[in-house]
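Step one of this worksheet: look at the structure below.
In order of appearance the chains are A, B and C, and numbering begins at 1 in each one.
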Amino acid sequence: MTTAVRFENYSWRYSRTKEQALKEINLEIEEGLLVGVIGPNGSGKTTLAYSMNGLIPNQYNGIRKGSVKIYDEEVTEMDQAQLCQQVGLVFSDPEAQFTAMTVEDEVVFGMENMGLTYQEIEERLDWVVPLTDIEELMEKPPYEVSGGQKQRVALASVLSMRPPVLMLDEPTSMLDPIGRRRIFDVLGRLKREYQSTIIIVEHSLENLIPLADLMVLVYEGEVLLVDETEPFFQKLDYLMEHHIYPPGVLEFFHHLKKSGDYPEASALPESVGEGEKQLRRLLENKA
Amino acid sequence: MQKMNKTILGYVPEESPLYRIHPFVRLLFLMVVSLFPMFISSPEWNFGIILLVLAILVYSRVNLKTLRVYIPLSISMGVLILLTHTVLGGRHPEFFVAFRIFDFPFYYERIVAAVDVYARILPMIFVMVLFLSTSRERDILVAFRWARIPFVVTYLGAMALRSVGMVIEDFSIVRQAEKARGFDPQGKSIRYKMRQFVMYIIPLFALALRRSDEFANAIVARGYSFTGLKGVDRADYILHQYEFRTRDAVLSGIIFLSLIAVLVARYGFGYLSLDDSLTVQLLESLLKGGAQ
Amino acid sequence: MNEKQPFLTVRDLSYRYEDGTLALENVNLTLDDGDFVALIGQNGSGKTTLSKCLNGLFKPTEGTVMVDELDTRKTSITKMAVRVGYIFQNPDHQLFNGSVWEEIAYGPKNIELPEEETRERVEEAARVVGLDPETFEKPPFFLPKGIRQRVAIASILALRPRIIIVDEPTTGQDRRQALEIMNFLVRLHEERDHIIVFITHDMPIVSQYAKRIVLMGEGHVLADGPTAEVFAQPDKLEETFVEPPQITQLAQAVEDLGFDPGTLLVEEMVERYRELKG
């Protein structure tokens, strides 16, 4: 399988701080996976994201060491045009991302920058607009659009450029639960319909876990743990030591595992539905 | 009651026959017709422009109640113009004294001059109000883009509008935050209220600064670097949504022709002048009549 | 003898915006000592509007809000600010003074406290939020976000309001930061007798910290009661698109097996499981 993203001994320190933001990161992400990146605030997740699409080092001052490669091409050797067509980035603040005066203008912005023709833009809109569910919003100005809707617009705007690597930096942290749910619905659909590598930095594990193929733990500038989702969360104690708080269902079954009530070999349920199934099995067996 | 939608700059009707006219034509109307009062000295003709604008406003289904905000402005401006021309205009023995108030002379020539100025400014305001009341932000941007104004300029304009919108939202929250800390401007001195100004500016600035960083990232991440990507022709997709029809060309033609007509009437034939106008004749009979 | 009135009483409160939309309708509510309340509901349910009616930022279009026997419609903002404090979500919306000290002292100065007392209050507030005195002379803007937040909170605490309303204290925070803030609010509540009202979307936090929930939907109070009770009414919650925390959902899904639909914490669930297992 091809490696979409590769960090090799990558370090970054912002010029205004004394601490290293990222320390000798080594990370390989195969194409086609949906990857969850988690860790406490300030651990370097955003720096990691920005390093992938060139915002670091192009927009920020600091000291860079090592390499970041997208499909084997070094980020610092790609110009802005190539970078934004290779890696799309959705930011966490819905307000500060929306720079145009209508939704349509916003979605079309990236495509116009790429120099696509009118027909090509139309075609891509036909794909991206229903996917992100923003048909009714197209004529609206930003102040008539909610935060959750703005994030879907941002997603549409980035997706329309069809980057093979899509990054989302805490896309739902400023949204209410409905907005959050809808973003994850779109991401789920995206995973099925769009063959690309999707990397999501998130705090909302509840929504992330069912979707993620691979999980990465970033802590104090280092990548401490990388694994497929199931084995990743088997190490719950380790995660909790590093301030990762699992969703309720997961934590519950983890306790049961520790006390021997739940088989060691079995996977921890990742949703309420699965949890219910397992719980019934456990309790009905006793009778 | 016609439903109006809020924009950053005012209120626009939800539906309007004016929307069928290309935004560029509406912008042209604004730019050309607001020039008319510069060439038309006759007050009744200028007031005629106001009537024309009012007629268009009604035709466009603008809810006139939303224009009530402009009434105090119009009145206070008229008063201000009158005052500066008369009371603050000093004494001029060469002028004709129309009447006196508390022994201060009000000169006929000055009053005429005040009416002249007011009659020019008011239509300009009305035309601007018409434009703002019938154009959503998108229309304004489309008008500029269609006029081949460079993309950077219109995009910056769009971002400015967007920022203004966000600043307005921020402003209301900042005001609330200050109140929540006991700041009560009611019944306080002017100095206190000026301090208020500083209180608002600083947080608004700080918020805008932080936001501009994120704005910049969002734009760069989608490939724009303000000189555009190398050799890229922008498709300008939005423009395709608006068709410039024959009707629009005809209207543009009419607008230009009327400008020419005004210029010819004024400079070619000497019409539309101040001294020959009915208004001045009226004022003359009111203020001067019987005297001498 | 007259029964003491609750500190804050909302009676038949309705609030209509200038453009005519009805944001709140017939809201009735009381707040008193010992309350630690979560105000929840989807965006647009009226929870933020309600919270701003509580400290007089918004005046009721109908009905009354009485705080410490003062009517918010007839009381000055300054008088309200010393009774009901409001901590906004983004500290940058209020910081404007040249130094941290001046920022915290701003409130006391507004209510015209003598210098000595102002100094006491500033030092006390700074201590409570954990601000290093070294920061006193620094301008707030250049400090990191966490510190700016503390300064903003301290500036409200310096007014010593009995009620403190906090707008989305945990949004955008990671779990550990969220717990820190909530623990701080608990300390304010327990050690300094503040009544705490917090607006939030974070249900696990609500179940862990709130003693009482006020659930808003379309301008009405849909539910008002102890946390477990409110979470045990999934139909009410659904009306306003609120989902109880995962563990509560799990408990509700297996209610027939003997679990309590008002389960709030994982530990409770584990205990119950052990009991049922025998």
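Rule of thumb we're sticking to: contacts are C-beta pairs under 8 Å (C-beta built on N, C-alpha and C of every residue); 3 or more make two chains touch, one makes a residue touch a chain.
These numbers come from a predicted model, not from an experiment.
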Interface ranked first by C-beta contact pairs: A-B
Taking each chain's C-alpha mean as its centre, the one farthest from subunit C: B
Whole-Å gap between the CA centroids of subunit A and subunit C: 31
Gap in Å, rounded to a whole number, between the CA centres of subunit B and subunit A: 46
Whole-Å gap separating subunit B and subunit C, where each centre is the average of the chain's CA atoms: 44
Sites on subunit B at which at least two other chains make contact: 6
Complex interface listing, subunit B residues touching subunit C: 6, 170, 173-174, 176-184, 186, 198-200, 202-203, 206-207, 210
Residue ranges of subunit C in contact with subunit A within the complex: 42-43, 171-177, 201, 203-204, 241-243, 245-250, 253-254, 257, 266, 269-270, 273-274, 276-278
Subunit C-touching residues of subunit A, taken from the complex the two chains share: 40-41, 92, 146-147, 170, 173-174, 176-179, 203, 206, 243-245, 247-249, 251-252, 255-256, 261, 272-273, 275-276, 279-280, 282-283, 286
Residue ranges of subunit C in contact with subunit B within the complex: 19, 52, 55, 57, 76-78, 81-82, 85-86, 88, 90, 92-96, 106-107, 110-111, 141, 155-156, 159
Subunit B contact footprint on subunit A (complex, rising order): 50, 53, 55, 58-59, 80-81, 84-85, 88-89, 91, 93, 95-102, 104-105, 108-118, 121, 139, 141-143, 154, 157-158, 161
